[in-house]
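Chain nomenclature is as follows: A, B, C, D and E, assigned in order of appearance, with residue numbering initiated at 1 for each chain independently.
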Amino acid sequence: MATATVILLDGLAYGMVLFIISVGLTVTMGLMRVVNLAHGGFAMAGGYLAAMMIRAGVPFFAAAALATLAAGILGGIAEMTVFRPLYRKGELAQVLMTFGLTFVFIAALTWLFGTDVKILPIPSYLAGPVDLGFRTYPTYRLFLIVVGLLLFLLVWFVIEGSLYGARLRAAVDNPRMARAVGIDVNRLFTITFVIGCALAGFGGVIGAEMLQLDPFYALRYLVLFLVVVAVGGLGSFKGSFVAAITLGVVETAGKFLFTDIAAFLLFALVFVLLLWRPNGLLPPKSVA
Amino acid sequence: MSLGLGVENLSAGYGPTVVLDGLSLEVPPGGTLAVLGRNGVGKTTLLATLMGLTTLHHGTIKLGEQAIEGLPTHVRNRIGLGYVPQEREIFPSLTAEENLAVSFHEGGWSIEAVFDLFPALKERRHNTGNRLSGGEQQMLAIGRALVGAPRVLLLDEPLEGLAPIVIEALVEALTRIQRESGVTMILVEQKAELALSLTRDAVILDRGRIVFRGSSAALKADEATQAQLLGVAAKRR
Amino acid sequence: MSAFAHPALSVRGLCKSFGALRVAQSIDLELAHGARVGLIGPNGAGKTTLVNLLTGVLPADAGTISLEGEVIDKLKPEGRVRRGLARTHQINTLLVEESVRDNVAIAIAERERVAWSMLRYAKAWRACLEEADERLREMGIMDVADRRVSALPYGQQRLLEIAIALALKPRVLLLDEPAAGVPAAEAHHIHEVLERLPAEIAILIIEHDMDVVFRFARHIVVMVQGRVLKRGAPAEIAADPQVRAVYLGRSTV
Amino acid sequence: MNPAWHALPWLLAIAFYFTAGGYLSLGTSILVYILLTLSLDLALGYAGIITLGHAAFFGFGAYGAALFAIHVNADPLLGLVVATAVTAVFAVVTGMLILHTQGVTLLMLTLAIAVLLAEAANRAYKVTGGDDGLQFTMGPVLGLFRFDLWGQTAYLYTLVILFVWFVIAWKVVHSPFGRSLDGIRQSQARMRAIGTPVWWRLIAIYAISAAMAGSAGALSAQTTRFVGLNTLGLLVSGIAVVMLVLGGTRRLYGAFLGAAVYVVVQDFAAKVNPFYWMFVIGGLLMATVLFLEGGLMEVLDIGRRWLRRLLRGSDPT
Amino acid sequence: AETVKVGVIGVFSGGFARWGEQFKQAIEVFQKHHGKVVNGNTIEIILRDAGGPDPAKARQLAEELILREKVQFLAGFAFTPNAMAVAELITEAKMPTVIFNAATAVITRRSPYFVRVSFTLPQVSAPIAVWAPKNGIKKVVTVVSDYAPGHDSEQTFIKVFKANGGEILESIRIPLSTTDFAPFFERVLQQKPDAMFMFGPGGPPSVAMINTWASRLKPAGIQLVTTNETQAIDLPKIGRAAIDAIGSSNFTEIIDTPLNKRLRADMTAMFGPDQVPDVATVGTYDGLQLIYMTVAKLGPRPNPDDVMKFWTSGLKWESPRGPIAIDPKERDIIQGVHLRRVKEVDGKLINVDFEIVPDVKDPWKEENK
């Protein structure tokens, strides 16, 4: 029983990390429909920045906030320069551009910080174990679960339910027509991209305990992010949340129970889920 | 407050292609203009150009006293241009209600008022755009323009796909709006007879140029011109 | 047994719901060979949905559809087309990157079953192109044959929709508002083209332009909220107070 | 297009053979990548099958060829044919499972297949050598031409196979079948409405494309007499997509240009500075997207127009 | 005077670029120590990037280096598949090749022109399996990354451990793609072993594995036995989690051989305080020592067979890690293996040797004669 609880917690924590780190991609790729392979790059940039600041003595949460902001600004700049001409060019051009951008990210971080793993120290009050009564458990993982939940509620209320969300979907569906009903599409996209990249940066910081930072981060975990967004249903926060938790818990339990087939678990699960629900677990209304 | 719309020597098209060629016209404040012409003469291009959705080569567009040809599309909408595109261009992933909500500007029709005009739409308010019937989409496209507080309405074949009884209601409503708030209106329509009865003035386009201008009533009576420029005589054989 | 022993298309008890919304409630419909049937009804009555059910684009909840006596419920849309059931779309569905001619030629290649051939380009395809030109000439859009569809004015796209459906040489043809967006003169032209089709072809036409329907159809079906409200000769329908109340309004026919 | 243009890439390839010096094996690997990219152009470019799983076929072909050489027969052509055929069968089976989906879903499914296959290969290390890979020996091509140290046989062998596949690809995309693929990419609804069996047609092109990718894998294994797990890796799929888009989709020759430029630039930049070639490649990709609508092939188009104008001495427009 | 070209194939970009960086740093330090000239002949080192485990690329680079650059020696190889892939080629081209890092036992048997100066996985896995049962570690769960090197060290450990009276409770192989190791380690916890033997793939996953051990198994009194996972270069990244981990390595970075002291000092001076010599550093350093010795002895254009004869003549020399030798028969390295434990001394984490097993040959080759 105790073990089951721990496995469940582990699964939840892992799922939350997946969610936290992918939620930004749900914004840029899910909502804005930009095939944003550079998502990991923004996350990584956020993580590196926070690591640097913490090393320089900035407190953890301040560093996380600043890094989130910085990743957002970086995203804003990227949006106005290289992404804006991209929206009308189709998916393949977007693949090429964001792949190139990712390469540049990797090279830049290698150049600035070398190839080593960068440690992002977590504050001591989160670093230790807590006593659950029947055994101890890493505090940080509980923290991850809480942060994941809060983040989900936040984005859900802000984006899914609001007129902002509807405007954004309108602009993505048909930018020409969105302009014709008075939506400032350019500004809307810039803001949204900033949000997406800020979320990426935030994920890079908060998730660094599990998804360790090194320059190759941008590509190493990319598939993981894509999986969550696709299984959840493109552009659905509820979907990516459910997908992340499902994948996290099922994979963790599977690894514990059947170590032999651990390697196949995640993608076998993805395969089955997507064949079962090609539009994702909880797709947006218009495709359900 | 109603505004007039003036176009001077307008040349526009798609990329380097020129479709409208040195076109000028004027609609006085509160005026109504029917734009007629066969397939492919540039009617849609004219309205799209007014909205800033095509490539403008040269010419000026004035809304009241203000030159607007340099303004981005969304600003044109906000200062009073309401647009019903020919292909409806409903946002497929938004519900009917959201389609209206994102288009709403202060002073426009309320969403409920649109639903009163099109009761059928009200029943489908939670359907996403891609799950509305063709006619429902058309109603929504019109409603979307109305909630945007338009001072000039640009209607590109707004009656297409609507049931006769709905057309009746719509015609009534348009007449009423026109009378009450003096909205300026440019109407592109294939059903010439209907268009002419709804408008005060009319132009006929051919290959990007105006080949006829006059009052709607006069044109309605002038079957010879209609036959010659629109080919409608065949219909009333 | 000859094909004429059966109606061209026959529908029994067709049902379809979208959640709580019942868009087809046990619809019966029969198109004899050579039928010219008009289907009218208020917006959202379920006319387009009916076409989608007949062509297999949407799965029906219940009911059977047979095409010349053969039950086609289990067939995919493409299978039904290959057995002679063609349609046009209310909302244009065209290959926008292709030229007008290629849009038609691709359909002809499919009809002629040469679309599987991978290695013989010249002969088969050239024949398709030639026939495509014929179809375009017939629809009066030959002058834009080389244009990309995306640069075509809307009205001509509508005509292309029809040209493609005709190119399939169907035995049952379902037209979903073919004349919408087409100027009156051209609408008349469409009428003529349809009139010239072989007499045994069954045609169902959905239209909101009463001039077109009443000129073309010899039999009219009125649909309201997923049910057939009335069927009958045009004159009967035009005079029917119920139909007037829900659909026709004051319009003169 | 003027037929003379068609001869150009092949003449260049032959000229390279005589001038390459120690770069012949680089040339061979470019040819292999071209074949892989070309295969992707059929599936992704023409038929619109969004895939990140072509490594599965590449690797399938590579291991197929290696295992065949080790356990059955060391004849290269025989091995190539068998590997190609087996890959096609694998593609038909997986294609039937996944080709009713589209877009990101399809992308993830293809990716999942590739990942699962790679894991399976890793687990089956008794057969595949796992992470150590498989080393093997090949017989002479046609019983005559030994794979020599200079890589001459390898290059010419690969070039000939590439040519054969190119001719097939050219025929396919210009056939009525190819035209129907164009249609399917643009609107499956439209194609169904004219009676196209969309699913089967996608399976067919998927299998052809996979066979081609399998050939590329087999050639890669045969010419290096080694096969490793990286042939099944995600990077292979990713790079192939990048090469294709870089060169330009739906041009066939785009695959040539994309693969060649990518490999050469990468190789060159990595020599100048092995640490930072990613800057150069990354910049190249971004610049291409920003400045060339249709990939690098556009440069050729511009050049060709320019040349024609120069030759005619006047502007025909 | 002539130029002697040495082609070094490494991984300088991508996810494993750290290896390349170490190669490069070692080369620079070595050149600082020994210059670029031997007997008046300039030694030119040409770096080539394989980008990761990519055999086809490695082979292509090797061909180019041999045919176009006309190198006298090939060297490098961070990864086994890359080394294996050039075996046929170097045999045919008679190209003496020094392996700086790749550690799968069998490599040197694949071509008579290979020599290895790094280590083999069985070589570092066996001594600790001998030590453990004698020191209270009787029951062990092995946890290795599921790829060839992991299998290699798992197999060796299990065999030797059992032979010495230990008991293996379970053997877990963790997929390379794993990001969260918790479920696997929970499974270890359930078995209640005395210790866990671990082999990771290096880089981020290895760091994560040790962290997970520290947070879940260490509190339950389960010790950690590893091979090279606690390199000094990684310790700052792992942090205090690494304390008490037992390691078994061919090189402990803080040992006080004079050469190592100098190497360490120069590394920090040249590349910053975080840079310490590592297994790959000494592998590279000794590889170059071997090449310089060869040029000094045989001149700038030696006959390959003479080179191999020289390399198999029972060579011994002083490495930063201590005395090393080349097994004349297997062309593989013979060296001491350091058994050690991570300790915190003056606020710094270091490996403290508690035993050095001298002159260890590769056990796999002993067994597969």
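Following the convention adopted for this analysis, a residue touches a chain if its C-beta (ideal position, glycine included) is under 8 Å from a C-beta of that chain, and two chains touch if they have at least 3 such contacts.
All figures in this text were calculated on a predicted structure; none of them were measured in a lab.
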Path length in the contact graph (chain B to chain D, fewest steps): 2
Set of chains whose contacts include both chain E and chain C: D
Reference chain C; chain at largest CA-centroid distance: E
Taking each chain's C-alpha mean as its centre, the one farthest from chain B: E
Geometric centre distance via CA averages, chain D-chain A, whole Å: 32
Where chain A and chain E are represented by their mean Cα positions, the distance between them in whole Å: 36
Distance between the centres, which are taken as Cα means, of chain E and chain B, whole angstrom: 76
Chain centre separation in whole Å, for chain D relative to chain C (CA means): 43
Numbers and ranges of chain D residues touching at least 2 other chains: 115, 119, 122-123, 275-278
Overlap residues in chain A, where contacts from two or more other chains coincide: 110, 263
Residues of chain B touching at least two other chains: 131
Chain-to-chain touches, reported pairwise for every pair that qualifies: A-B, A-D, A-E, B-C, C-D, D-E
Residues of chain A that touch chain D when the two form their complex: 82, 85-86, 89, 91-93, 95-97, 99-108, 110-111, 223, 226-227, 229-231, 234, 263-264, 267-268, 270-271, 274-275, 278-280
Touching residues (chain side chain B, partner chain C) in the complex: 14, 17, 38-40, 44, 86-87, 120, 123-124, 131-136, 138-139, 157, 160-168, 190-192, 230-232, 234-235
Residues of chain C touching chain D in the complex: 55, 57, 76-79, 81-82, 86-87, 89, 93-98, 102, 105-107, 109-111, 114-121, 124-125, 128, 164, 168
Complex contacts: residues of chain A adjacent to chain B: 163, 166-167, 169-170, 172-174, 176-185, 284-287
Chain C to chain B touching residues, read off their complex: 18, 41-45, 47-49, 90-92, 144, 151-156, 159, 177, 180-188, 208-211, 246-251
